[in-house]
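Okay, structure first, notes after.
Chain lettering (A, B and C) follows the sequence in which the chains are written, and residue indices restart at 1 in each chain.
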Amino acid sequence: MAPAFEYAPAPESRAIVDIAPSYGLFIDGEFTEAADGKVFKTVSPSTEEVLSEVAEAGEADVDRAVKAARKAFEKWSALPGSERAKYLFRIARIIQERSRELAVLETLDNGKPIKETRDADLPLVAAHFFYYAGWADKLGHAGFGANPQPLGVAGQVIPWNFPLLMLAWKIAPALATGNTVVLKPAETTPLSALFFADICRQAGLPKGVVNIVTGDGRTGAALIAHPDVNKVAFTGSTAVGKEIARTVAGTRKKLTLELGGKGANIVFDDAPIDQAVEGIVGGIFFNQGQVCCAGSRLLVQESIHDELLDSLKRRLSTLRLGDPLDKNTDIGAINSAEQLARITALADQGEAEGAERWSPACELPSTGYWFAPTLFTNVTQAHTVARDEIFGPVLSVLTFRTPDEAVAKANNTPYGLSAGIWTEKGSRILAVANKLRAGVVWSNTFNKFDPTSPFGGYKESGFGREGGRHGLEAYLDV
Amino acid sequence: MPTTAPAPGLADVTASDSTLRRFLHGLPGVDAVGLEARAASLGTRSIKTTAKAYALDLAISMVDLTTLEGADTPGKVRALGAKAVHPDPTDRTAPTTAAVCVYPDMVAVAKEAVAGSGVKVASVATAFPAGRASLAVKLADVREAVAAGADEVDMVIDRGAFLAGNYMKVYDEIVAVKEACGTSARLKVIFETGELSTYDNIRRASWLGMLAGADFIKTSTGKVAVNATPANTLLMLEAVRDFRAQTGVQVGVKPAGGIRTAKDAIKFLVLVNETAGEDWLDNHWFRFGASSLLNDLLMQRQKLATGRYSGPDYVTVD
Amino acid sequence: MSDARLSVFKTYKLYVGGKFPRSESGRVYEVTDSKGKWLANAPLSSRKDARDAVVAARKAFGAWSGATAYNRGQILYRIAEMLEGRRDQYVAEVADAEGLSKSKASLQVDAAIDRWVWYAGWTDKIAQVVGGGNPVAGPFFNLSSPEPTGVVAVLAPQESSFLGLVSVVAPVIATGNTAVVIASEKSPLPALSLGEVLATSDLPGGVVNVLSGRTAEIAAPLAAHQDVNAIDLAGADEALAKELEIAAADNLKRVLRPQPVDDWSATPGTERLTAFLETKTVWHPTGSLGASGSSY
């Protein structure tokens, strides 16, 4: 039986974005082909449609980009901070102007719902540039000495889960502090970075200050290993992060890493239960769970386990999965076939190890990469789904009896990026937050981000902070 | 059919002042920011074309078309009744509203105006809107409305007693009013959420009202600064959902005051759909207490039918 | 007759978990002064000593990081007090170790004592300097606070056997970390003696653990140790530093690379404090404001 109130499709118009059939590398203010002419295709994960063909940068191209950045560094770093600030303010404003276009583009290339790109990604991108713009002429007040200096050329490698937001997190503080950048977007989501190149053009940013080299892991490796790069910033998997740490060992390159996580969302029996359910859902199903700080482990106090699970399942049954451009879609596509395979394998392993699997009734589109929201109950610390980062819409439910047990289980992971606490008791929030080994603790909320709020991990979730005053440090010679 | 007393399991909750207080204060807390964020997020649902046509008609059918003014006259009430029966004089396919809502002394006039149409007559009572009168006066108010033929009684709770923590007093009063309603009138219990001030209080009041036998729980009188909001209505929808899950008894929800546009009304319907569920998508279980809302719903309905925007001259003034 | 009195030698031992064990290896190595004259035998620490020291440091971390900043400050100040009382001993040891005149060695020891005082004062201020509230664009209270990274392996400077040592150890523990320290390979005696002061300064056992021996041999297992959170490479040469940094990547230790230091007596900044701090940011809704009906 069809539901009484069937929302008719409400697709956001695709016409607002004009994707060219091919894109070059953005080096020294120009789009150029790769030296060896190599290209790769980028597809829309929800339809598998080829969106465009993009140049694949090799070592020679990376070298060209680094040289351009080096050349631009001299003038850029010598500009008065107030002038650099104005460039960044311009960029922030142009992003606001073009935000609907960029939201649609991001949704096409990434597969995430338009609701998220429109209401979360793009507003945060603009806000991030706006925030760091204001720092450019105030660095002497940031607590890093009277006249902190930029490092030089920053090599930045970003992931596919928040392509434009991660670009903003990398480029805004780098430029504000007077560095120039060579940025490599993820192989599966290169387009928004290339559109950003056009925004740099519109803003009149001096050529060579921002360079975009597209490609796969080899391009990223070449960038990080380049001897004339002074700063390496990476967001991505812990395995790659370790490889990068080895690569820069023994050099003077400053390194910041924002890596994986296995965040625990702890729900006590006195939690504001309806809001906790929303927080759990947002914590693991936002962006299809492809979030490093996702609350992928639900730690629920035993006394409310059944009640909470009932509420959670009821709520999951209202999630709408489908066309990411539909404004009513809650769950979009998984970013790539490769990621879908990984999620599928880990979920299958969870089942094989005896955890109980549940998904709401949910029809998956026939083309594209899709994975239904999934819960695992009867999970223990020993299960793979409780230990490995799945990076998908899969929640592992564990129980605890006392606050001490909750803290012990939450911390029992090599990761340390995020955690959530749900209780109406203030002192319990503070006591538990104090003991959690995680860089971001959300209490009675989850997955909140702000340019003023430092973000980053403990332990194998990486080091350094992005956002806020703290985020400047990564790009200053201090 | 009016509902009856709460199901077993919750009976001893109202055994004494202290058990009632313990129960109400044991309800889960409400985080204001999270609640409002959820309501706002549901407000971004995009309801278009066929879904919008369905929603507009459903919303019209849920309106308690209201006039609660000192200046109300039989003429005014008759006009309101006529509008409730035929909301759009140019389009007889428009559904009737759920009810007209008037003061007790206007019930008889209203009854006559809507006779045979299926439109109900609701009457406010219990010293509306302040609720500051003796129980005897309040009950007399109710009996008079019921005797005049009111199908529904919209009572106000004693907010003073509630805020002072005299939950049992509020409970007893609702029980007494419910009894005065007899079997013929359904009881809507108005909390005046704007005066209860906190979401925790709204949740407690919702459960208190349902325990006492309310057929509907209603946000507000429309006479204070803050009336129905998406957040307080969402919270009450959660309460009726949870109450039915626990007792099997279904209770209706009526946001009242401040809902003026079709766009707002559709957002409330989305809240209903995604919180309480489709069992509540019916005017037996969900109402809008409003006066100006109806015209905007009608104009949007005309726009959907004709493709051009309508204007206030093409709907009737009340 | 006093000339004929045979002096009592000190047996230098490791300082681990608040105790003074010999090396698990049962081996020692000869420590000489700058002119090659025998001073003492120092324990030659093994991988197992390193392992035991990490266990002790981890065990101490909870209570030390959980102690109030005021309490930590008082204990660091107490260390200065204890050192002051044994000043002559350290002057002699530093003079021997570094081949300094007594007056130059005195300057080193005085600066080292003053350094404890400097860091004692920092314990309850660093959070105010590097942490604070963040004005997020929404109804949330948002606070960033520094927290200690955990167990820190410290390769003490090779040349400055005492002032250099104190300059790298004090900032690590001031903020609540615990430390496994590898003393200067050539001049370990002042570091081993420091253990005696630490043991009598109310510093809980395990907060600082001092190992002596071959720096490269002890550092390798520490750099690779999965339960060590950070490493200070002050005492490593370029080749060793690179090797250790690579090993440290296995669990993404925070690495403080060696930097040339001309003058350990210069007033330090906060860099060594912040190198081993994590920033934790806690969010909480504030309750909404505005006309939405209810605010709480």
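The rule we apply is simple: contacts are C-beta pairs under 8 Å (C-beta built on N, C-alpha and C of every residue); 3 or more make two chains touch, one makes a residue touch a chain.
Worth saying up front: this structure is predicted, and the values here are computed from it rather than measured.
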Remotest chain, subunit C as reference, centres from CA atoms: B
Chain whose Cα centroid lies nearest the overall Cα centroid: A
Dominant interface by contact count, named by its two chains: A-C
Separation of mean Cα positions, subunit C and subunit A [Å, integer]: 36
Chain centre separation (subunit B, subunit C; CA means) in Å: 68
Centre-of-Cα separation between subunit B and subunit A, whole angstrom: 44
Subunit C residues counted as touching two or more neighbouring chains: 138, 140, 285
Numbers and ranges of subunit A residues touching at least 2 other chains: 444-445
Where subunit B touches two or more other chains, by residue: 31, 33-34
Contact footprint of subunit B on subunit A as seen in their complex: 3-10, 115, 119, 270-275, 278-279, 318, 327-328, 424, 444-445
Touching residues (chain side subunit A, partner subunit C) in the complex: 127, 143, 238, 241-243, 245-246, 249-250, 252, 257, 259, 414, 429, 433, 436, 438-445, 448, 450, 452-456, 458-460, 462-463, 465, 468, 470, 478
Touching residues (chain side subunit C, partner subunit B) in the complex: 138-140, 285-288, 291-296
Residue ranges of subunit B touching subunit A (in the complex, touch as defined): 28-31, 33-35, 37-38, 44-52, 54-55, 58, 238, 269-270, 273-274, 278, 281
In the complex, subunit C residues that touch subunit A: 129-130, 134-138, 140, 142, 144, 149, 229, 238, 241-242, 245-246, 248-252, 254-255, 257, 271, 278-285
